[in-house]
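You will see two complexes here that share subunit A, one where it goes with subunit B and one where it goes with subunit C.
And now, the complex of A and B:
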């Protein structure tokens, strides 16, 4: 008879679950804090009475803030999760939406769509998802012949393409006078423009994409093997890659539509999670989601409280938070290669 | 050096000087207000006349062209020197974080000391740029970063400084309007007095870098080979490194960061010229390209001209792809 507690897999699973639970608890605490703090502070009693259904004067503020924070949480998390999937597909730890041109091409396509066809949430969403898929494919196909020899080239090309795409976006926004002012947040990633509609869309997309990502994670370890090995054990590699890629672009594209250019969260979240849980897909996905959401919520909280009543776009504060972390990740990356 | 290459560089210099002249003239003529050739000529011949057109051309349009020529040639040469010195084909002052560091210093100076004199400002900003370069270099060494890795570290630095700049802008909106235009990589916002300040150190640097660059190809040797040939490579390298960074920071403190410019121009020139000739050709090409970019921004939107840097960004991606494919064969 096996002793349950000494079984190594169960022990590891137990450790993973503790880490995930700890992360989730911190995230919830942060979420509640960010609901309370702001230009107008709200007491816990008001929050409680809102939840229990008693109406007070601060309801409207609270409602706005809940929408905003929910968007921040879901989008930050979805970007983290999406990049974790992308990194698995490409077997390259330095892949992230903003480093492979996904973000800026998606923003560009959304702005072009709004400029030529018209503004509608559904169109924005479709173009965002399509754009992020196209942006990644451009960068990947340009460098795919050298993937095994020159991993970072993908990132370099991605960065240069995103600079170019951002420049074009800027040109169009300038040309459109004031009609497209609401898309200005694309350039710096603000939650200021969040409306109920975007929140609803983001929640729907999250409800579709996150469970499918978790289902996918059961089969995901196959992708870590090299091509020959996975084919010889009979895994449907191409199909799996295709499905993973579409889920990743769904996750990333829909969050780009809501928050624009969110900076280095995409690269930081999966890499930090990897330090805690290693390469186990399910745990990695969950923790990436939690860390991405955590960074973006913190960034938004800092951005809107530090210079009230004005606010710094969350994308900018997120970059300031995430840049040192990114340097640390690069440090580990090159150390690992060197030794 | 044989006669043939001499011949080539002379032809190149003549053609590019002609191009610079033509582009400058067009830049003077075209803009939010179009002037006739007569008005332009009149203004240039009698710069102290009290006519509206003359004052406009001399005070606002002439500085743009002069800054364009200075900045274009200076940044291109600085990029060329850096590429040789660090043996990194992707080296560029903007990708080492130097330019954004300088811009951040300029903004902080204006915030803390609004009445600061321009020469002091340029000195403080330059020291900020040099500090960032040292920091980045040490970091890259400690990390054992590869060629593209160094670029990535620079990108992270750039993003960090850029975000800091944006945050300051938003936090202090009243003071930032004027500065914003100053640091967006546009040639506007510089005056004749700015040019008067930087022209002396600029020409000094250019002359020194021209004479130092005689042995530029020795830098591709490794240390022991250079010693065997009797080239004082360490001193040589240090002088050139300092020069190129000072050149870049000085220009950036006037016009703001111009991303990728120092990277792409040398790659136009490197296949055709070497050593001193490459320096000359680089300076010329830089000036031509920046003036051309400036002219095109005016043609695209005459009323609210974009920063010239925006157009450079569009050209950067394909060139970067070609350069990486050609030079960086193996890199993790």
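And now, the complex of A and C:
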């Protein structure tokens, strides 16, 4: 019979779930905190009465803040989750959207779209998702056969693509004579330009992409295997890679549209999660989402409270928070390789 | 009778012929050993039968169905293949790693059923890994890792078992254990094709021997007929005197 001793997965699953629940609880507390703290403070009573439908004077501020924080939570989380998927596809822990050219090509395409066709949230979203897919494909195909041999190659090619694309983006923004000023946030990453419509689009994308990612996670561990083993256990390797890549592009592209360049979160969130739950895809995906969301929410909270009434773009504070974490990950990564 | 059929199989990469016009039949419930010098196409032959690579020309049939017409999952339910080298992912426990062998039996929602768990536990028990089930697989010794790989193959529970040099990294005790296990599995109705280098082992377990040389089938038949000094010298291009000594005295066992 199956019991705790004969089936070790039950015990491991229990440990994994505890960690995820703890992470989720912390995230909820942070979310509520960031709703009440700000230039205009809101009390818990006001928040409660808003939730229960009793209207007060601070409704509008609260409404704005809920949208903004929901966008921060979802986008940060989606970037974390998307990066965890990217790292699985490339079997490379040092991969992130901004290191594979996804972010910069997506930003470039959105800005070109706005400059030549016009500004609309739906167009921004489509171009963002398409751009991140194209960025990753260029990078992946250029290094395709050499993935396992030289992991640094992928990152170096990604960085070169990013530099080139960022330069063109800046050129267009400069050339547009303030017409595209609202896209300046792309360069540093900010929630300042978040509109109700952006939030709505992000929520729709999250509702499509996150459940798909969770179903994908049940099949994802075969991507960690070498090609021969995964083929011999009957895994449709290419199809799985394609589906994973599409979901990652959806997740990352749509969050880039809302918050622009999010810097180090992509590389930090999955690597920190891996320290807690290892390479178990479902747990890794959930925790990467939670940690990505946590970093971005904290970054936004700090960014908009530290020098009130002015604001530091969340992308900048996120990088300040994530950079030491990234150094820590690098240290562990290289120490692990030498042992 | 159910079996594997290879009909005029060719396999080449660029201009290099790896498998050259090979036809053979492997009967069901037989233990077949493939032997031959390095680079003679043994591993390629196994990969062709496992459907990992497609022949340039010719046909491979399993139970009278061309393997190209089977889906990946249904092929995996019939044939399981242990590669010569494979990477074990970091951080997974032995149990979780072996569970990957159940992939072809899982639904698209990916949950492991009770039957899956029973198959995994059975495979772990057969490879003597019960005590290590909760250990991280990638951190085990090379021999233990090899046993975990074999367990993954067994968890797949396919009737045809293809093993590419499964003895790699195993100590004498574990080699004997694996030989016994192969004989047991054959009794349970499995058809096994295995690449071995130790001719004593081949002689003690094989029902049929395939001799390969330079991509061609040199000979196929019962080990008692084929494993004699003349054939072996011919296939391996060996010095007869040195081999004679080695052949008379069981050096490896």
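Rule of thumb we're sticking to: the second predicted complex is superposed on the first by the 331 of 339 C-alpha atoms of A that agree within 3 Å, B and C clash if a C-alpha of one lies under 4 Å from a C-alpha of the other, contacts with A are read in each partner's own complex, and residues count from 1 in each chain.
Criterion: a contact is a pair of C-beta atoms (placed from the backbone, for glycine too) under 8 Å apart; a residue touches a chain by one contact, two chains touch by 3 or more.
Everything numeric in this text was worked out from a predicted model, so none of it was measured.
**Student:** Have a look at where A:53 lands relative to subunit B and subunit C in the superposition and call it first, second, both or neither.
**Tutor:** In the superposed model, A:53 contacts neither subunit B nor subunit C.
**Student:** Could you tell me if A:160 is touching subunit B, subunit C, both of them or neither one (first, second, both, neither)?
**Tutor:** In the superposed model, A:160 contacts subunit B only, not subunit C.
**Student:** Who does A:323 touch here: subunit B (first), subunit C (second), both, or neither?
**Tutor:** Touch partner of A:323: subunit B, not subunit C.
**Student:** Let me test your reading of the model: by the given contact rule, A:175 touches which partner, first (subunit B), second (subunit C), both or neither?
**Tutor:** After superposing on A, A:175 lies in contact with subunit B but is clear of subunit C.
**Student:** By residue count, which of the two partners contacts subunit A more extensively, subunit B or subunit C?
**Tutor:** More residues of subunit A are touched by B.
**Student:** After superposition on the shared chain, which partner residues are touched by A:309: those of subunit B (first), subunit C (second), both, or neither?
**Tutor:** neither
**Student:** Help me check something: in the complex, which residues belonging to subunit A touch subunit C?
**Tutor:** Where subunit A meets subunit C, its residues are 2, 6-9, 11-12, 215, 217-219, 221-222, 224-226, 228-229, 231-236, 274, 278-280.
**Student:** Considering only the defined contacts, which subunit C positions touch subunit A in the complex?
**Tutor:** Residue positions touching the partner: 47, 50-52, 72-77, 79-83, 85-87, 89-93, 95-96, 99-101, 103-104, 106, 108-112, 114, 117-118, 121, 133-134, 149, 152, 156.
**Student:** Touching residues of subunit B toward subunit A in the complex: what are they?
**Tutor:** Within the complex, subunit B touches subunit A at residues 90, 139, 142-146, 148-149, 151-153, 155-157, 159-160, 162-164, 166-167, 170-171, 173, 259-260, 300-301, 304, 306, 310-311, 313-314, 316-317, 320-321, 324-325, 328-332.
**Student:** What residues on subunit A touch subunit B, complex-wise?
**Tutor:** Against subunit B, subunit A makes touches at 94, 142, 146, 149-153, 155-157, 159-161, 163-164, 166-168, 170-171, 174-175, 188, 263-264, 306-307, 310-313, 316-317, 319-320, 323-324, 326-327, 330-331, 333-335, 337-338.
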